[in-house]
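What follows is a set of structures to go through.
Look for subunit A in each of the two complexes below; its partner is subunit B in the first and subunit C in the second.
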Partner chain A sequence: MSEKNYRLVRTLLLIFLGLWTVLTLFPIYFKAITAFKSPAETNSTIPSFWPKEWHPENFVSVFAESSNFQSLVDSFVIASGNTLLSLFLGTLAGYAFARFPKQAGGENLAFWILSNRMFPPVAVLIPMFFLFDATPWGTDSRISLIILYLVFNMPLATWLMMVFFRDAPRELEEAAYLDGWTPLQAFMRITLPLVLPGMISVSMLCWIFAWNEYLFANLFVGTDVKTYTIVIPTFTHGSQTLWNLQMAFSLMAMLPPVALFILLRRYMVRGLSLGVVKG
Partner chain B sequence: MRGVSDMTATSSEISQTESGPKANSIDRDDPATFPDWFRARKARSNLIVARWVPIVLVGLPVLVLFGIVVYPTIWMFYHSVHDTNMMRLFQGNWSYIGFENFATVLGSDRFWDSTVHLLQYLSFGACLQVVLGTVLALILFELVKNNALRTLILILLVLPMMMSPSIVGVLWKFLLTPSNGAVNQALLNLGLISKHIEWFNSGISLWSIIVADIWNWTALPLLIVYSGRVSLPPAVYEAAKVDGASGWQVMRRITLPMLKEVIAIAFILRFTDAFKFVDLVYIMTSGGPAQSSELPTYIAFQRGIREFAIGEAAAYAIIIFAISAVIITLFLKYLKRVLKAQGIA
Partner chain C sequence: MARLELQGLCKGWDFPVIDRMDLTVEEGEFFVIVGPSGIGKTTLLRLVAGLEAPDAGKVLVDGRDITALPPYRRRVAMTFESYALYPHKTVAENIASPLRARKTDAATIAKRVQSVAELLRIDHLLDRKPGEVSGGQKQRTALGRTLVADPEIFLLDEPISHLDAKIRHELRQQFHTLEDLRKVATLYVTHDYAEALSLGDRIGVMGSGGLVDVGTARDLFERPANLFVAEHLGQPTINVIPARLESHADVLHLRANQGDLLLPVDPARAHLLAARNDGAVTIGLRPQFVRPADEMPAGSAQVTANVDLYEALGSTGILIADILGLRITALTSPERIFEHDTQVQLAVDTAALHYFDPRTGANLTLQTPGAGAATAMASSVASGISSRAEA
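Then we have the complex of A and B:
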């Protein structure tokens, strides 16, 4: 390829990248300015791409409805509870798979656990709906979602912790045994600190997945407990959708995952690719 | 593939080579099968620990999975051959009807239409996302030379992925509002269309969902391929430069072959996720208008949890389950090979 052609191709590719970036950002930009508009402006026949007047008070008045704030609390409790449970079970099993592969049931068992993350939840959710209905707490409770989210988060945590434990050098643990430490001591004082960065990234991933989950919540909860994800589609006043409040609320709700991603993106890539790519 | 994994030997490899001949019949009580390093300490209690603790540690999550995945799946299989509905379920008097539910499902246009929708979504949603993500990631890495700018663009491009499907669905429903939506207005301003496009009409609504999903998830392959490219060894590229290879040759002969596995993993992740996909259908169209944007999963949930035709929903679920079981088994086989080659599993 001649130098001139090379330059042309290069420029075209860069334009494509730039165009894609603009297309990716446009919805976010429009969402952000809508959050500052008045209700009349959001419903005007010709949408404006810059607010005529700014209403930053939207971000406060959205909480006039106390259930909106409560939904963030519910989401936080559910996501955190599920993350702790997934991380606890996943760390222990991941350790067993990494250090005692044969005794723990071999790689086929590990792959089976992972496969649970990939299966469509349709065969799980419908029976669980009727199963939880028969329990004292019912489907519409925090505990039901904390348990259900284990379906996708616990296999992920187990698998990733296995990968992280395998990365942690075995020799240190071995030396501890020779010094007369018990397996538990060696695990708590040597191996666990070594995989701490891994545990943090796994818990952040699990937390984001649980925080953002919509489908399970939509089918299971809605009256006593509401996650923010099922509150967002219901911002209406009479027949009008309150787009400005909706956008203000969802902007705030997406801040935690975005912040976590910016801070921890290197670690997250490892988790998102099931351990294949080292970020 | 140094960057992907520079582990040498894993514990499984070591113990496998050790017990090579009797690898097929392992006596798990035999201390000789314990990992080499663990036998360093001979105390009898430690051997008991090595025998039983792993079983307990793995047993906990396996038990949980039996409760929340295996049991429900068996329940689904059972009810797919019964005439269960809400009333019969609570009275406990459902009866066996053979494969009638499957016949109903497979004989209905609704099922086949939704299958076509799923195929459209898989090809344009999932596959296109992987192609786009790969191309964008490589452009970003190879052609943007400023490090800070590169990181900034990467973060901006990944923002949509950090949003909940409910945020994405509502946002796109808002943007695509036919009468006064931002997308129609922007297209009008740019002179690309002369009258409003009805984004949620029959025949178009599925494409609206696919557009929103591409916007949401192209970032995943992009992020994975980009990180895979970052960790490729620079030495190879220096050698190619010395040999005078052109940019395109380097891309085709070195970069793409070395990223093959990473791209495949990204594809597998997107494909299996796409099989589960249903959130945006709920938020943006509720399957409509006139069932023109339904996916099989959506129908299963509607029939099962909203309309309580449990037997029929179970038949849907089993069909989806069977197809995904085949696909996931194939994927896992491939994943196993990739991970083995890199010493991760």
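Then we have the complex of A and C:
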């Protein structure tokens, strides 16, 4: 490629990437400034891209109702509980499918597990409601959502962990056996540390799904337990949507996943690139 | 301190890989298994280690049957071709792994790791991760991990094959001097015949189904059981010449099927071959026994050839010559120069020829009972494969 062409392509690429960045960041920017606006300004016909007056008190008023903060806690407990359970089951199942495919039920069972992610969730909404309603803890509880979200997160965890385990050389385990470690010890000491970055990536994906889930939460919980996703639409005044409060609250709800991501991004990148480049 | 016995060991997947193999490796013996890649050498080690279960047969250590024991209950140490070092642990932790598995106290571990690391000259690398050391150092670490384990049986799978030539030679010398290796039964697998000849107290040549010949380096080199063994040992590879036996003036001669090559049969072997007069044989002629005529004693059998290719390799020269369509590899002294397409007079040491059956490949002139048994074993291996295939 000639020098001139190279610069042209580079310039076009930069323009494209710039536009892309604006496109992805704009909703977040607009959400952030809307959170500071007055209700009147959010409803003006011509949208303003910079608040005329700043109303930081919006962030206080969203927590006026104490159950609103509690909803973030509930969401956190449900997402974390479900992630731990998905990861535990997915790691064991993934290991079995990676190392002992025949004994673990073969490809058919693995694909059946994956197929649980393929139907539209709304198709099982009503049956699931009656199913969980019949359990001792009912639908309106943290445990019901923790278990329900396994339907979506366990297949993901199983399949991703299976791939990570396949990439972890079997010979390392065999070397450990010859060193005198039992299969369980070899798994805990050798194989598990190798797939740790993968486990962290998987747990992020599971956690974010459970944190953001709305459809099932809306039907299942709401009285004893609330998730933050079903609290957001409640910021209304009569028939008027209080956009500023909805944005302020959802901005607060963005903080935990962003914080987690920043904390774990080093592992995430390693986990997501595992298997691309063999190390 | 133990001897290793394999009794009627069988293992196969879609086809038999190891077929009714019997082998005894004595305490302190360094037994090298050499053979082409993919022939089942690693499978054999994995059977001894317990990483694979045999289809039939037994593995015994000092007479104890360990066939059913899982690998972590056997006192067998193995180095893997890929080294199999734990990437997230330091060199020291890698070496210490077998000791930790046996709950050795920390002070002893530190002492043992240090002494093994010093022996292998990797004591300055103990805090590094395997990803931060060179290939040779990785190999030493893997070796350290097996040495420290103080096992009854050592299994070494191509331990130095993937290193560059200089380090390979250095480590090969080190194997000679490692006392720990000399106290136990060691099975060493390689595809490099020079490693095998250099290291093995005894050498087993592995062909399809199992060992086709067992003996000392000298045995195998001078009295190969069959053509497969002769072709596998030696560099450059032995010249293989299809020929016929003929009588000329009551002296047995051999005539190559192609090219104008007529050589008298060594009188010491003639009586063994007399019954094959007028029959086909396959001749094995090692390159070091065919040289330019002026490098051989006067009176050797001579032949005129055309120079095809000449490689001067410093310590020796390799001459590829053409005798009317028959290509022969010959060795020369290193300072010689041969031009392409010039004539050269070659001399052959006829006493060093090997005579093989063209159909079975068996060596026709073996006299020692031991070597005869090896031939018989090779044929039993062949029949074993077919009988197992039927089963």
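As a convention for this text, the second predicted complex is superposed on the first by the 218 of 279 C-alpha atoms of A that agree within 3 Å, B and C clash if a C-alpha of one lies under 4 Å from a C-alpha of the other, contacts with A are read in each partner's own complex, and residues count from 1 in each chain.
Going forward, a residue touches a chain if its C-beta (ideal position, glycine included) is under 8 Å from a C-beta of that chain, and two chains touch if they have at least 3 such contacts.
This structure is a prediction, so every number in the text was calculated from the model and none was measured.
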First (subunit B), second (subunit C), both or neither touched by A:F100: first
First, second, both or neither for A:P169, with subunit B first and subunit C second: second
Partner chain in contact with A:Y177 - subunit B first, subunit C second, else both or neither: both
Partner chain in contact with A:P136 - subunit B first, subunit C second, else both or neither: neither
Contacts of A:I190 with subunit B and subunit C, given as first, second, both or neither: second
Partner touching more residues of subunit A, whether subunit B or subunit C: B
Touching partner for A:P56 - first (subunit B), second (subunit C), both, neither: neither
Set of subunit A residues, in rising order, touched by both subunit B and subunit C: 171, 174, 177-178, 183, 279
List of subunit B residues in touch with subunit A within their complex: 3-5, 7, 10-12, 15, 26, 28, 33-35, 37-38, 40-41, 46, 49-51, 53-55, 57-58, 60-62, 64-65, 68-69, 71-73, 75-76, 79, 89, 132, 135-136, 139-140, 143-144, 153-160, 162-167, 169-172, 174-175, 179-182, 185-186, 215, 220, 223-224, 227-228, 231, 246-248, 261-262, 265-266, 269, 272, 275-276, 278-279, 282-283, 297, 300-301, 304-305, 310, 313-314, 316-318, 320-321, 324-325, 328, 331-332, 335-336, 338-339, 342, 344-345
Interfacial residue positions of subunit A with respect to subunit B in the complex: 1, 6, 10, 13-14, 16-17, 20-21, 23-28, 30-31, 34, 43-47, 49, 89-90, 92-93, 95-105, 107, 109-111, 113-116, 118-131, 147-148, 150-151, 154-155, 158, 163, 166-167, 170-171, 173-174, 177-178, 183, 208, 211-215, 218-219, 228-230, 232-233, 241, 243, 246-247, 250, 253-254, 257-258, 260-262, 265, 269, 272-279
Sites on subunit C touched by subunit A in the complex: 49-51, 70-72, 74, 76-78, 80, 82, 84-88, 97-98, 101-102, 131, 145, 149
In the complex, subunit A residues that touch subunit C: 169, 171-172, 174-183, 185, 190, 193-194, 279
